[in-house]
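Here chain A shows up in two complexes: once beside chain B, once beside chain C.
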Partner chain A sequence: MAEIKSVELKVGLEVHVELATRTKMFTRAPSPAHPDYDDSPPNTLIDPLVLGLPGALPVMNREAVEMSMLVGLALGCEIAEFTKWDRKSYYYPDLPKNYQISQYDLPLCYDGSVYIPLPPTPEEDDEHERHKRIGIIRAHLEEDSGKLLHELPGGHAIDYSVVDFNRAGTPLLEIVTQPDFVNADEVVAFAQFLRNICRFLGVSEGVMQKGHMRFEPNINTIITLDDGHIVKTPIVEIKNLNSFRSLRGAIEYEFKEQPERWKKDGKEMGPGAKSTRGWDDVKLVTLMQREKEDAHDYRYFPDPDLIPVQVSREWKEKVRERLPELPHVRARRYIHDYALHAKEAAALTDEHDVCLFYEETVEAIVQAIPGVLSDRAGRLAANMILQQGAKRANEQAVLVNELGITPGQIAEIVKLREEEKIGSSAADELFGLLCESGGSDGGSALRAESPPADKEDTAQRAVPPMTVEALAEQHNLLQVRDEGQLDAWIDEVLADPANAKTVEDVKGGKTAAIGRLVGGVMKRSGGAADAKAVRERLEEKLGG
Partner chain B sequence: MELHDHTLIQLRDAIARREVSSEEAIRASLARIDSLDTGENGLNAFLEVFHDRALDDARAIDRRIAAEGAEAVGPLAGVPVAIKDNMCLDHGRTTCASRILENYESPYTATAVQRLIDAGAVIVGKTNLDEFAMGSSTEHSAFGPTLNPWDRARAPGGSSGGSAAAVAARMVPGALGSDTGGSIRQPAGLCGVVGVKPTYGRVSRYGLVAFASSLDQIGPFARNCADAALLMNVITGHDPLDSTSVDFEAPDHLTELERPLEGLRLGVPRLARSDQNHPEVARIFESAIEAYSGLGAEIVDIELPLMKSGVAAYYIVAPAEASSNLARYDGVRYGRRAEIGPNDDLVALYARSRAEGFGSEVQRRIMLGTFALSSGYYEAYYNTALKTRRLIKNEFDAVFADASGPRVHAVLTPSSPEPAFKLGAKLDDPLAMYLEDIYTVTANLAGVAGVSIPGGFVDLPGAPKGLPVGLQLLCPTFAEASMLRIARMFEKTGDWNSRAPEL
Partner chain C sequence: MSDTKKPQGAELSEDVVRRVAHLSRLALDDASIERHRGQLVSILGYIDRLRELDTENVDPMAHPLDVVNRLDADEPRACLSNEALMKMAPQAAAPFVRVPKVLGGGEGA
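Let's look at the complex of A and B:
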């Protein structure tokens, strides 16, 4: 028998996104995907429709449709002018009506594509931008099911099952890609890209642990044998992956296992050969769930309780106007306008909240420093956020915007630095102090001592926040430019016999040696001296 | 005249004038129900009667009438009405005459019923029906058949047989039913009362337990056209809870009721004169045509060639939707749950709960519908039925609309091909039972409005006062007001609706 020469991977992805509408897809019951309701006790987000009680009727949630259109537009999809709702029938205790309202043959969004940024390969330099086009087959809207639990909340064992219908009826957007992925990296990059887009669009918080996004990759391998024959292994669908780690794990596992399976059973891709597997997060293996996908007959037919959806040009355009600038477009703008490196731009647009924080910081710098050019402001803000900010955020495992420091405060630090009132280490220390002070209204570090506020007085008026400069002064972080003080330190350094040789070198024309003297003065000042002023003064004194 | 002989408007006006209290009216209704409905030979029109609750409600209405006046309370202030037991009410049980919902209590009230209550009506009870409204005789009720008040050996028709019989027997002056393929009009015809099937979308379906969502419509039963028009005024209107309810206001159905329609053109389809009609029905139908002629109406012979295909299309579309609508009755969340053993699985729970809970007719339709929607058969059955449905609608459009004005204002047919049939006569022959709907189903498929009014009486053994025969008028969508005017023109030519069965 021929030996395996090489194996290629082919993956298509289905993603379910729970839309964060306030109410459910077809009723006014609150939705658990909305941040206000995500911790509700079991079976509290229910009403006659959610429970499938006799006589209850669905009414379409327009906001869910608009959110779906937003995602569709962001993924370059066509938006259907005419679409409808279909019933998908199957019996399961978590499905209250024993049918799911979905979209069968006329999805709301179809035929899209996106270019996703890929991380550079080890051989490539950091500045290289790599993108891959991923085709989007469709994105359709449906309702989520409830949750079947086999132990009671709190983990008490039971010998029966219970159902929580809170999730039932939550709007669910199912996005189906073309099988364009050739490795797990690409799939994960797309999944993260999609999550980021959904967060920018405000259609989902994208909290994976809460099930806001669930992934179902369809995986198979293409095996080339040494005799030139090509074998395609049967497609395996992995159900309900709810973390990037499990998504990667399942794909990598299947990539490894499918050729082994083929060696054992010889099964190839074809009708009826598709199977469904689940991912075991502990054993890190996939497990068989259902052998034959095609056995199911869902008996789709148009839901007579709902009227078809006509998407007028005006409606579509109105939704298009809601479309914010998307992360990858912002990244391109940063590279172009602020001359940021691709890697920097990616880091700043990776997280919706960090990105907005960055843009607010740029704006605050423009406001704080009269005449500063916006590209300079963009660069300065990036430096602060990606250096001072990222370092601390990593340590504390939070996002930069969650550190406690505000964009306005960062702008003040930048301003002090630009005015050469503080040095770089002082800037860093100040950043740290402002993070600790925590809170956008200025925390304790920024509160000037003042008598208790008058009752009639508002809090803001009672305690005027201390300026960042005052804070720097309080902590002795301002640079000393007082010539008398500088001269005293310089004279001490010049008089130091240990420096005699260096002084001679400088006087002899070795100007580079002056750095050593500057360092000596800085040390003597405890970092408070303005290094630039020290250098100028030294040059004067040594008769440059 | 006794209180129970009052028509809805007569009773309403007497209460408004404070000649009668609502409490007295409700007591009279309850007494009539108690004497006629239960025990041996009881009509069994009601599945549940709210004795205490109705009297409490009536006393509350009386207090409000005393304080605010009847007009402020509403156009139905203090009158008793009954509702078919497939409409949700937030007290009592909502059974759909099914074992599977035998003890089901709805936490909410259907919109149409709430509109009755808001208009001041007192709900005295819930009426019998064919299980889940599937049937044409009310014999498919899990709680026993309703008897026809004109001859207890005969069926009242169905599926709203309980509401039709309750009004015919003067237990209540008005009631609500639901019509999916004729379930208001056919029993109205067989019980000698007025029954309206409004245009699809005219009355909210919210809280009506679905049989076939695209066909179901709630409508009123009453003893005459004016009462039916008043009930229509109360129950019609947009409901944001029903996506298929239309968002434009219905006219007042009463204001022009007495004004005859000038230049009336009535279409008589060839099928309505076919030899499948009982000879007595044919005779009454012809005399009705003559009566309209005598009123100056132009009688137009029309072809509705697909009318005869209506039943075939209907018995695909309706069961298909029903198979899906009834999937929720699985014993998991509410309703009857079968006992299962420790080794039984989920499928056993489903299968046994549904086998025990559903009667044979419901099971038959679920199987029919499931088959029609199955992959490989969908195109041949469901899609073909939908195409037929569209063509039937086109036929009606062509008959009702013309460049130079409507070809006809209404289509006239018998409500059903024969007078009330004997209990059990068609129980073992589903096809014969389905053909009861031959004149009625097309209105549901096309979504147009329809009404059945008493057309006359025939003498058959067992019915000392004769058996009523219904006359059906079908009208364009949202033309209920003119439809009732046309019906009223005929109503004035006879005294059929003042006849009462001997009970």
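Let's look at the complex of A and C:
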């Protein structure tokens, strides 16, 4: 038998996004995907339609249709002029009507594509941007099912199952890509890109733990044998992955396993060969699942209770006006306007909240420093967030905007630095102090410009607000340029016998050696001395 | 709908009826399988008659009413109470509806 020479991976992705409308897809019961209702008690977001009671009739949610159009437009899709609703029939205890309303042959959005950013390869330099085009086959609207639980809250074992219908009827946008992915990195990059876009569009909070996004990759491998033959393994669909980690894990596992499976059973891609598997997050393997009925067994037919949707040019254009500036467009603007590197711009835009935090910081710097140009402000804000901010955010496994420091405070640090009142290490220390002060202790290091409006806490109100500069002063972080003080430190350093040789070197013309003396003074001052002023005074004194 | 497809009403097998019954979660005994087969054959026979019509230049109809875009504003309205559901449920384990044990799979739409 021929040996395997190489294996390639091919993946297409289906993504379910729960749209964060206030109410459900076909009724006005509140929806748990909206932040106002996401912790509602079980079986309280229900009404006759949600429960599939006889006689209940569905009415479409305009906002769900428009949010879907927004996503479609952001993914470069065509928006259908005419679309309708179909019933997909199957029996499951979490599906009260015994059918799901979906869009079978006329999806609302179709034929799109996006360019996803890829990490640079090791041999490329960091400034290089790599993108890959991913085709979007369709994005259609449907409704979510309820939730089956196999144990009671608190982990109490039961020998039956229970249903919570809160999620039933939540608008669900199913996005289907072309099988354009060739490795797990690309799939995860797309999934994160899509999550970020949904957050910028305001159509989903994108909280993975709450199931706001669920992924179903369709995976197969293309095996080249050493005799030149090519074998395609059967497509495996992995159901309901709800984290980027399990998405990656399931794909990497199948990439490894499918050639092994083929060696054992010889099964190749073809009609009826597709199978469905689930991902075991503990054992890190995919497992065979109950086969859902074949597509024709869903007995799709147009829902007689719902009339079609017709999208006029005017409606589409009105929705298009709602499109915000998308992350990749912002990244291009930062590169162009602020002269940021591609990598910096990507780091500032790949998380919605960090991106807004960055823009607020730029604005705060423009406000804080009279006459500063916006490109300079963009650069200074980027430096603070990507250096002082990113370092701490990584350590604490949070986002920069969650550190506790505010854009206004960062602007104050930048201002002190621009005015040369603090050095770079003091700026960093100040950044750290302000992060702590904004933390859960409610501000021990600093009473911010806007004290907490907590009426109970008179102690906090009694403390006057402290400026960032005052905080710097309190922690001896302001640079000392007072000549008397500088001279005192400098004289101590010059008088130190350990420095005698260096002093001679400088006097003898080796001016580069003066750096060591500057360092000595800085050390003696605890970092408070203005290094530039110290160097000037030393040069004067040593006649350098 | 392909015009070349043969009318299948008369040929409907018992197995197909059993499969449809299973998909519809209907427990039919042998006698009622035969009775339902007869009824289904006559329904399918009627549909076969429709195939005789020339639909070459007729657009597919998504809905008999000539109305589109009946859309509601996204504003919450009152819900049923959990108590109401508990009273209606054939079996309840408050605040949930109780169902026979389901083993894994099928989670989510």
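Points worth noting:
FYI, the second predicted complex is superposed on the first by the 511 of 544 C-alpha atoms of A that agree within 3 Å, B and C clash if a C-alpha of one lies under 4 Å from a C-alpha of the other, contacts with A are read in each partner's own complex, and residues count from 1 in each chain.
In this section, a contact is a pair of C-beta atoms (placed from the backbone, for glycine too) under 8 Å apart; a residue touches a chain by one contact, two chains touch by 3 or more.
Quick caveat, the model's predicted, so the values are computed rather than measured.
When both complexes are overlaid on chain A, the residue A:His150 reaches chain C alone and has no touch with chain B. In the superposition on chain A, contact of A:Lys541 is made with neither chain B nor chain C. Of the two partner chains, both chain B and chain C are touched by A:Met60. Of the two partners chain B and chain C, more chain A residues are in touch with C.
By the touch criterion defined above, A:Arg333 reaches neither chain B nor chain C.
By the touch criterion defined above, A:Asp297 reaches both chain B and chain C.
In the superposed model, A:Tyr91 lies in contact with both chain B and chain C. In the superposed pair of complexes, A:Ile307 makes contact with chain B and with chain C alike. When the two structures are aligned on the shared chain, A:Gly52 is found in touch with chain B, with no touch to chain C. Overlap of the chain B and chain C contact sets on chain A: residues 48, 51, 59-60, 89, 91, 93, 163, 297, 299, 304, 306-307. Here chain A touches chain C in the complex through residues 16, 21-23, 28-30, 41-48, 51, 59-65, 82, 84, 89-95, 100, 106, 142-145, 147-150, 152, 158-165, 172, 211, 214, 239-240, 278, 289-290, 292-293, 297, 299, 302, 304, 306-310, going by the rule given at the top. Of all residues in chain A, those touching chain B in their complex are 48, 51-60, 87, 89, 91, 93, 96-99, 163, 297, 299, 301, 303-307. Across the complex, chain B meets chain A through its residues 87-88, 94, 96, 101, 104, 106-108, 110, 205-210, 212-214, 240-244, 320-321, 324, 327-328, 330, 332-334, 346, 350, 370, 373-375, 378, 382. In the complex of the two chains, the chain C residues touching chain A come out as 23, 25, 62-65, 67-82, 85, 88, 93, 95-102, 104-109.
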